[in-house]
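Below are two complexes that have chain A in common, paired first with chain B and then with chain C.
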Partner chain A sequence: MAKLLEIKDLRTYFHVDEGTVKAVDGVSISIDRQQTVGIVGESGCGKTITAQSILQIMPHPGRIEGGQILYYPDPDGEPVDLAALSPRGRKLRAMRGNEIAFIFQEPMSALSPIHTIGNQIMEALMIHNDGMSQSEARQKALAMLESVGMPNPEQRIDEYTFQLSGGMRQRAMIAMSLACSPKLLIADEPTTAIDVTLQAQILELLKRLKDEQGMSVLIITHDLAVVAEMADEVVVMYLGKVVERGSVKDVYKNPSHPYTRALLDSIPRVGQERRKFLTAIKGTVPDPYSIPKGCEFQPRCEHAMEGLCEVRKPEYAEISPGHIARCFLYTHNESEVG
Partner chain B sequence: MLGYIARRLLQLIPLLIMISFLSFLIIDLPPGDYLSTHIVQLQQSGGDIAEEQIARLKARYGLDRPFHQRYFLWIWRIVSQGDFGRSFQWNAPVAEVMGERLALTMVISICTMIFVWVVAVPIGVFSATRQYSVFDYVFTFFGFLGLAVPNFLLALVLMYISYAHFGVSITGLFSQEYVDAAWSLGRVINMMQRIWVPVVVVGTAGTAGIIRVMRGCLLDELRKQYVVTARAKGLTESRLLFKYPVRIAINPLISTVGWLLPGIVSGEAIVSIVLNLPTTGPILLRALQVQDMYLAASFVLLLSVLTVIGTLISDILLAYVDPRIRYERG
Partner chain C sequence: MAEQAVDFLLKVDDLKTHFPIRKGFLRRVVGAVKAVDGVSFTIRKKETLGVVGESGCGKTTLGKTIMRGEEPIGGEILYNNDGTIVDLLGLSGDKLREMRKHIQMVFQDPFTSLNPRMTVRDVIGEPLLINKMSKGKALDSIVSQLMQDVGLDAKYLRRYPHAFSGGQRQRIGIARALALNPNLVLADEPTSALDVSVQSQILNLMRRLQDKYDLSYMFISHNLSVVEHISDKMAVMYVGSFVECGDTQTLFSQPKHPYTEALLSAVPQSDPEVERERVILSGDVADAGHLPTGCSFHPRCRYAQDRCKSERPELKARGDDPEYLTACHYSEELDLQGIGGYKR
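Our next item is the complex of A and B:
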């Protein structure tokens, strides 16, 4: 299928007083048209910064220090390198919300508390449609609210976030993001902040809208079940790096990186007490200023090989076509055998 | 919204009664009064006052009655006739003594407020959006300087500079020919030419304070998620800044409008003395010193009432700009 977005060796660093945080360190992800890609990983592994780097909306002082973000506006046309555009420039602004749109985790804090949702949706429309009148924008905003299943949109459009329930807020957020019919929707933990019964509804809604609008989705989550349900491809991140990537089927059937295996093991099963994902893996994430010299996962890894994993950085190994893992278990064995 | 305003106005009534009572009580509390001091002075200077003359004076000022009667009489006359009593020291009705001074004080206060906001808000916004830049450091430095330097010192320095370098004496609000003149266009212009001195002097500390508040609030807001959302929509940085974080960061400032007034009035007293301004500060001070009780009580009452009204105005403004408050208090 035709490519929509190709992130190549992306590096986004934060230079702060304590040192450099390599929040995203050589990440490559590719998204095809109408495909859904999921990014999973523990808190702080760089999922959000990777996604925000695409539109360069990451917090100060984050900067893209290397790599390319190739966006293909037409299936056959030339790509644009979004990483090379100025973060304040007109070209990147024209992309934001129009070609690539975001939905955020906490709709309460992600929407302005002092503007009505109608105002915020209409603004999204009017930024990218020169000469659209107020009343046209309002009609369109109402239609959007309707399509995301907002109950009683005529009334809700003039309400503020604090007057809406959690589910309604997330629907308003989705309506706002999709107002300009983007080709790529980036959903950063869209269901983490809402309660379980609503999660399924919101995921259903996202799936339906994706099919209706023919867009691609990049979904970020802690929850492997969400990825299994939504995504075609999955990217597993650890400390700013991709440790495993492949189709959801391949990765779930044959998890190859020890970190991925640990993640999958930590999913609660029926009859088992629900365990927190974080506590299931021994040890904690190293702090970003003292990254291990060798493999980043080595200190917590059950399969760490002495004299190898703590000294050198692993390379990517191909497990099966389109399924790769960054671990010495695979490159090491090969060199021993062959 | 209208219901909210009506309710707030109703709440004002008991508050105002309390304030008037306390104003009168505080002024009445210290032992002695103007009249006894006055009589002692007269006797010392050799004058012999007849008992009945003293009694007549006492009756005239109501000093022969008990406290509660004096209070109710005072309030009754204010409410029914706008009569605030007589000033001993000026031997004139309090309203006459206060009238123009109170108006001029308010003019200076309002000008100062406008000056403070016009200067402080843009600087605060600029400092926050360029945190740790040279600009930010320079204004942080001047801000602290402004907070630390006493107003009267600043007034003296300004007076000196003006006199030494330009040969202009900038004391008073009016030049010689307008001091006692009736209000006219010329007098207003004359005042406007001089009013900037007290406005700048009284305003510096306020400006410095508001720069800090604005900068701090805006820095908080800039870190919020809705800013990223707005950016992700494709808004330009400047439209984004003023539509979202600045609009929200300014709300705490709006709630300070109410207490800006008393702050300026008290900060202004000493400056007015230095600059020789015909405002309320100096005579309030004098009235308190000589226990000119009706004058002092009326001043305290009016300043408190102005503060209460100021607070009401800022609450209404706040409810108007912030839907969260509007709906919460409905």
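Our next item is the complex of A and C:
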């Protein structure tokens, strides 16, 4: 299928007093049209910064230091390099919310408390569509609220966020992001702060809207099960790097990087044989100023090979077509292990 | 009472915690938020009871009430102190403090539940100091032992909480809870603030400590997979009351209450090949200040009948197993799907 977005060797660094945080360090991801890609990882792995880099909305002082973010507005047309655009320029502004939209974890902090939700949706519509009238925008906003399953949209459109329940706020935010029919929807932990029953509703909603609007979705989460449900492709990140990437089927059936394997083993799973103890990963994610030498995961890895993993950076190895893992287990020669 | 064979550690009977709703100039009480509304259960020694429910269902208030952090308006909390039954609600002052040693709590957020101006030694040792059980050098050695128990290096005794990661802080919280050698630990969402790789470490630690010190746990969480992993029996809570309570495996494989069925089917599966039918609940959780008549779940229940609108179902054994309780008029007639909604 035709590509929509191609992130190539992206580097987003934060230069702070304590040193340089390489939040995103050489990440490559590609998203096809109408595809759902999931990025998973623990806190601090750079998944959110990767997503924010696409629209250059990462917090200060984060900067894209290298790499390309190629966006293909037309299947056959020339791509635009979003990484080369100015974060405050008109070109990128025209893109935000219009071609590429973002939904956030916390609807309460993403929506304005002093505007009605109708006005917020209409604002997005009128900014991106020159000459759209107030009443047209209202009609469209109403239709959006209806399509996201907002109960009683005629009444709710004139209400403020504090009058809505958590689920309704989430729906209002999704309606706002989708108002301009974006080609790519980036959902950053869209269901992390909510209950399972509501999570199920929101995930079903996202799936339905994705099919209806024919858009692509990039979903960022720490929940492996959410990715398994939603995504076609999964990208596992650890300390700013992609450690494994492939189709959801391949990665979940044959997790190849020790980190992916450990993550899958460490979550309790409903309906599987009960284990008294979970397989835990030892240690914790190191702090970003003291990234381990060699392979980043090596101090916590069960399979670390002395004289190799703590010395050199591993390369990507192809496990099967389209399924890659960044680990020496698949690339080293016996002679290298010292 | 003495004649009766007692095999429970904690028995809660028809516990009710209501919060008044006040309105107007005179702050007259116009209603009540029924946060906990008639909850009964027992926990045996070395047993883990998991309590699941959506936010706002009253699971945290339930935990707080058992600790006497909130005052209930009715009910009984009986604690079995080596054969002597004590009603915790009848105690106050020194007597209550004495009993509190037996029940300790682990909190959700290790970033706010530890005082940033106290060293680890002070945090863990404080309960012992307050209860005048130890001090000075002896206290140091007890704290060191506790730190080792929870997998922390005792050389960090003098450090402050900010120097520790989230997982390590939660270990400190657990060490503090264990300082008084309790029999029962109430853990309110102990792993919700942690990353998955750290969550598994903490769950394993809790298991290990349970074996070592014969602890009973009441494990409150909204994460069904975690509760399934750790609990022997579990209770599903919906706006203030239990709708189903019993053996964990039975509850997951053959739920008897429609709310449990919906909750289970909502749990995402980390296996992309599983195909399943999902029960999507419409509407929102009922408002505990204005409960629906009859069964509080009936407005969202897809099996609801007329009887459910008027008659509130009692939580009781409806099948063969006297320990398996449900609060649904039709629990024996319905054929509900279990475990994550697998089609079988």
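The rule we apply is simple: the second predicted complex is superposed on the first by the 322 of 338 C-alpha atoms of A that agree within 3 Å, B and C clash if a C-alpha of one lies under 4 Å from a C-alpha of the other, contacts with A are read in each partner's own complex, and residues count from 1 in each chain.
Basically, a contact is a pair of C-beta atoms (placed from the backbone, for glycine too) under 8 Å apart; a residue touches a chain by one contact, two chains touch by 3 or more.
All values reported here derive from a predicted model rather than from experimental measurement.
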Chain B and chain C placed together on chain A: clash or fit? fit
| said: After the superposition on A, what does A:134 contact: first (chain B), second (chain C), both or neither? | reply: neither
- Message: Looking at A:290, would you say it contacts chain B, chain C, both, or neither? Reply first, second, both or neither.
- Response: neither
Going by the contact rule set out at the top, does A:252 touch chain B (first), chain C (second), both, or neither? second
Per residue count on chain A, the busier partner among chain B and chain C is C
Practice prompt. Would you sort A:104 into first (chain B), second (chain C), both or neither based on which partner it touches?
Written response: first
Shortest Cα gap between chain B and chain C in the overlay, whole Å, is 10
Within the complex, chain B is touched by chain A residues 52, 55, 57, 59, 88, 93-98, 101-102, 104, 106, 109-116, 123-124, 127-128, 160, 162-163, 176
As the complex stands, chain A meets chain C at residues 42-43, 151, 165-167, 195-201, 203-204, 222-226, 228-229, 248-249, 252-253, 262-264, 266-271, 274-282, 284-285
Within the complex, chain A is touched by chain C residues 54-55, 165-168, 195-201, 203-204, 207-208, 222, 224-226, 228-230, 249, 252, 262-273, 278, 280-281, 283-284, 339-340, 342
Chain B residues touching chain A in their complex are 223-226, 228-237, 243-244, 247-248, 321-324, 327
